[in-house]
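What follows is a group of structures, each given as structure tokens.
The two complexes that follow have chain A in common; it is paired with chain B in the first and with chain C in the second.
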Partner chain A sequence: MITLIRIELYKIFKKWRTYIGFMVIAVIVPVINFAMLAEGEKSLDFMTRNLQQSFVFVGNLLNGYLISYFILTSLAVHIPFLIALVAGDLLAGEATAGTYRLLITRPVARIKIVTSKFIAGLIYSNLLVLWLAVMSLGIGILIFGVGELIVIKSSGIIIFAKNDIIWRFIFAYGFAGLSMTVVTALAFFFSSLVENAIGPIVSTMAVIIVFLILSALPIDFFRNIEPYLFTTYMSSWRNLFEDPVDYQAFIKAIAVLSLHIIILFTITAWIFKRKDILT
Partner chain B sequence: MADEKVIEITELTKDFKDVKAVNSLSLNVYRGDVFGFLGPNGAGKSTTIRMMLSLINPNHGEIKIFGKSLKKERTSILKRVGAIVEKPDFYGYLSAYKNLEILGRISGTDVSNRRIMEVLELVGLEKRYGSKVKTFSHGMKQRLGLAQVLLHDPDLIILDEPTTGLDPQGMKEIRELIIHLSRDKKKTLFLSSHILYEVELVANRMTIINKGKAIVEGEVDALLNMNKLKVTFEVNDSEQARQILGGTDYIKDLETVANNIMIFSMSSDKVAGLNKYLIENKIEVSAVIPTRSLEEYFLNITEKAS
Partner chain C sequence: MKNILIFILFTSVSLAQSVKPEDILEKVKNNFSRVNDYEVRVNIKVDVNFLKVPETRAKIFYKKPDKIQLKSEGFALLPKEGLDFSPYSFLEGDYTAIFDKENVIGGNPCYLLKIIPLGDKGDLILSTLWIDKNKYVIRKIESTTKSNGTFTIDLKYDNDFKYPLPSSMVFTFNVQKMQMPKEITGDMTDETNEEKDKQNKSRTTTGKVYINYSDYKVNSGLPDSLFTHEKK
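Now for the complex of A and B:
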């Protein structure tokens, strides 16, 4: 099994499309940092304009942690596309290239092939999230240094002491990795159904966008189905930036997302095991 | 051991919606056979081969290879099988060497540098071992396909249309390789083709399949002898030749006469005698063209079936 996973990883990292995600992050994170360097103070003033009448802010509020929090908030929606780009290709790419025939005529059980591919996809997704974490925290801290983290919510503001932040980011990025694994499982599922990689990429993004729109609509019917949409739980890392942390909601989100991964992978494996290879 | 069944297919059926691609097909391949699996395009050859390699699940029937059920012992069977299914596709972004190494590792076989270079040398690709496969011509991919077949030294080799797209030299090399594998390496080969000539040259047994159904199975030689040759004689005066032949048995074999072309349907042992008889009777024979019997046989049988 380890050999199969290593081979799948080798194949993934031999394709140029794999590096698109890493390159996008390598470009966008510094761009955001430099934009914040130029206009960050102004933005922070704007965000805290109502509070400045009652409070006096001292210290370095525009710091690497705030930038990283900001990036995590905004990029969590866009990373799925980069994930789908690779995960959607894992099975469908073999069909397109005609290499299913080579792969499935090897003396290896189909379940091992599909599992190794999924694990390789999972490793890629989590490496991408790790890269995002390293880049956003690394460059943010390098340019702006560290300081207290101010989190502004509709219910008020929370300021975290600088020695109480890093563990929250570790778990937040860990949770982002889990969320992206759901995206991987979804794209992988679509990848098992079709014979070219475009379909799974588009389908995965379509599902995520539709779910996000449904969650955002202030209509009772959609409010009722919101708990059943996995996208609802993808931003549950924010629970870690509450005081006190809502561990119950956080653990529930982990359980729901894990269940999605298990169900999606089980269906994919079932389909793959019975699939007629006609390409 | 000579009649040990390597492949035993019983009542194999595969439907694709309303189309019966393979219809209750049964066949046996014995150890040491070079088995020709013949049929026109769309006859169900590739579907059958895909079922034999567990790429496709049959709706009905059983496949046994090396005496074991493919459904139950797929992995242990595939360890001893090498195959090319339709066109040989590889990971184009990887080198020929890396493709073989990866496929060998997945199969759990010897992927030493020596072994990989040995099979690349056998198919004449040793100088291009480091080139990416996407730069290869169809013929080179076909040869690389053969290299991956041979990499793990299988007992049974399944080749689906192995000469498709090759130039005459490439086709000849593949034929020689098949003969070498059969004679010298004692491999069992299952060879699908719609090019009858290549099957006639290398196979000892065959099945003809059409519309998913096996029409005939047997020894190639025996099947050939069931049919007469079509022999075309080009002569200087066909009317005179017809008169000369009037009092002989040869006239019974004459089918067509037109523009000094005479077509006979006869057994091969009579051709030389007829030629001699015409020349002795002052008829100039400028050409004797036998039509390959298997081709006639194949065309007849597939036309009848359709």
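Now for the complex of A and C:
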């Protein structure tokens, strides 16, 4: 199995499109940091203007943690696209390249093939999230230093002590990895149905965007189905930046997303096992 | 009986007239004028329902008459009116002082004075000061401002203090709840109508800040360079 996974990872990282995600993050994160360097004080003054009417405060609030939090919030829709770009190609790419028959005529069970592909896709998506974490925290802390983290919600302001932040980010990025694994599983599922990678990529993004729109609509009917949409739980990493942390909601989100991964992978494996390869 | 009543009334009026608010305030200022500068460690605890801030430690530097600076290695937050508790900060500009009555606060007999600023340029509308009769320190302040409503400052002192500098302060105030657009907070979860009504009803909230002062260093000759940013 390890050999199969290594082969699949080699195939993923042999393609130039795999590096698009890493390059995009490598460009966007510094750009955001330099933009905050130029305009960050003004933005922070705007966000804390109500507080400044009544309080005087000192401290480095414009720090690497704030920038990283901001980046994590902003890239919620964009990272799934970068994931789908690779995950959608995992099975459909074999059909496009005409290597499907070659692949499954080897003396390896189909379930092993599909599992190794999925694990390779999972590794890629988590590597991308790890790259995002390293870039945003690394560059943020390098330029802005560390300090307390101010989180502004519509219900109020929370300021986290310096020594109470990094563990939140570790779990938040870990959860982001799990969310992106759901996107991987979804793209992988679509990839098993078609023979062209474009379809799965577009379908995955369409599903995510439609679910997000449905969740945002203030209509009772959609509120009722909201708990059943995986996109509802993808931003549950925000629970880690509450005081107190709603561990119950966080664990529920982990369970729901894990269930989605299991179901999507199971269906994909079943489809692949029964698939009649004609190309 | 009638004579006794007349005597009591006469004594009360005489007493009221004999208590001159300007003299009381002058004594308070003179008492505080012994403090040329001070440096103090503060421990700040904020209790506002929409603001969650960890307990913070900072240092306050003061130099007569109006230099004050808050410094901290990390983050620290203080109400603006609570930063400077010197009598000068509450008695600046032209004002009218009226003696209201005598009162007791925390077992300390106090004069209750009303301070009405003259002119309409300042933010302050009215201040009520409770001044310790024996020690001529301010025990409590209740002020109404144009921009931030009413705030109250309760000051506690050590029993055998050498300088009129408090050991603790409780600052009670009204503050407007934050209204941040969801596009900035990223908090896209839709509120129910019930939650919205609850928020609309309580736009202004009451908060408290508890400050403990320790390790005063008084009249140590603080340089002006310490006060580079904050000057009233």
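Here, the second predicted complex is superposed on the first by the 279 of 279 C-alpha atoms of A that agree within 3 Å, B and C clash if a C-alpha of one lies under 4 Å from a C-alpha of the other, contacts with A are read in each partner's own complex, and residues count from 1 in each chain.
Please note the rule applied: contacts are C-beta pairs under 8 Å (C-beta built on N, C-alpha and C of every residue); 3 or more make two chains touch, one makes a residue touch a chain.
Quantities reported herein were computed from a predicted structural model and do not represent experimental measurements.
After superposition onto chain A, partners chain B and chain C are found to sit side by side with no clash. Within the superposed three-chain model, A:14 lies in touch with chain B and out of touch with chain C [touch as defined at top].
Taking chain A as the reference chain, the count of touched residues is higher for C when chain B and chain C are set side by side. In the superposed model, A:153 makes contact with chain C only, not with chain B. Once the two complexes are overlaid on the shared chain, A:101 sits against chain B while remaining clear of chain C. Contacts of A:164 after superposition on the shared chain: chain C is touched, whereas chain B is not. Rounded to the nearest 10, the angle at the Cα centre of chain A between chain B and chain C in the chain-A superposition is 180°. Once the two complexes are overlaid on the shared chain, A:138 sits clear of chain B and of chain C alike. Shortest separation of chain B and chain C in the overlay equals 42 Å (C-alpha atoms, whole Å).
Under the contact criterion defined above, no residue of chain A touches both chain B in one complex and chain C in the other. The touching residues of chain A, when paired with chain C in their complex, are 47, 50-51, 53-61, 73-74, 147-148, 152-162, 164, 215-216, 218, 223, 238, 243.
Chain contact summary for the complex, chain C toward chain A: residues 49-54, 58, 70-72, 74-80, 83, 147-148, 173, 175-180, 182, 184-188, 190-191, 199, 230.
Against chain B, in their complex, chain A makes its touches with residues 3-4, 7, 10-11, 14-15, 97-109, 274, 276-278.
Of all residues in chain B, those touching chain A in their complex are 50, 53-57, 74-79, 81, 83, 85-87, 89-94, 102-103, 105-108, 148.
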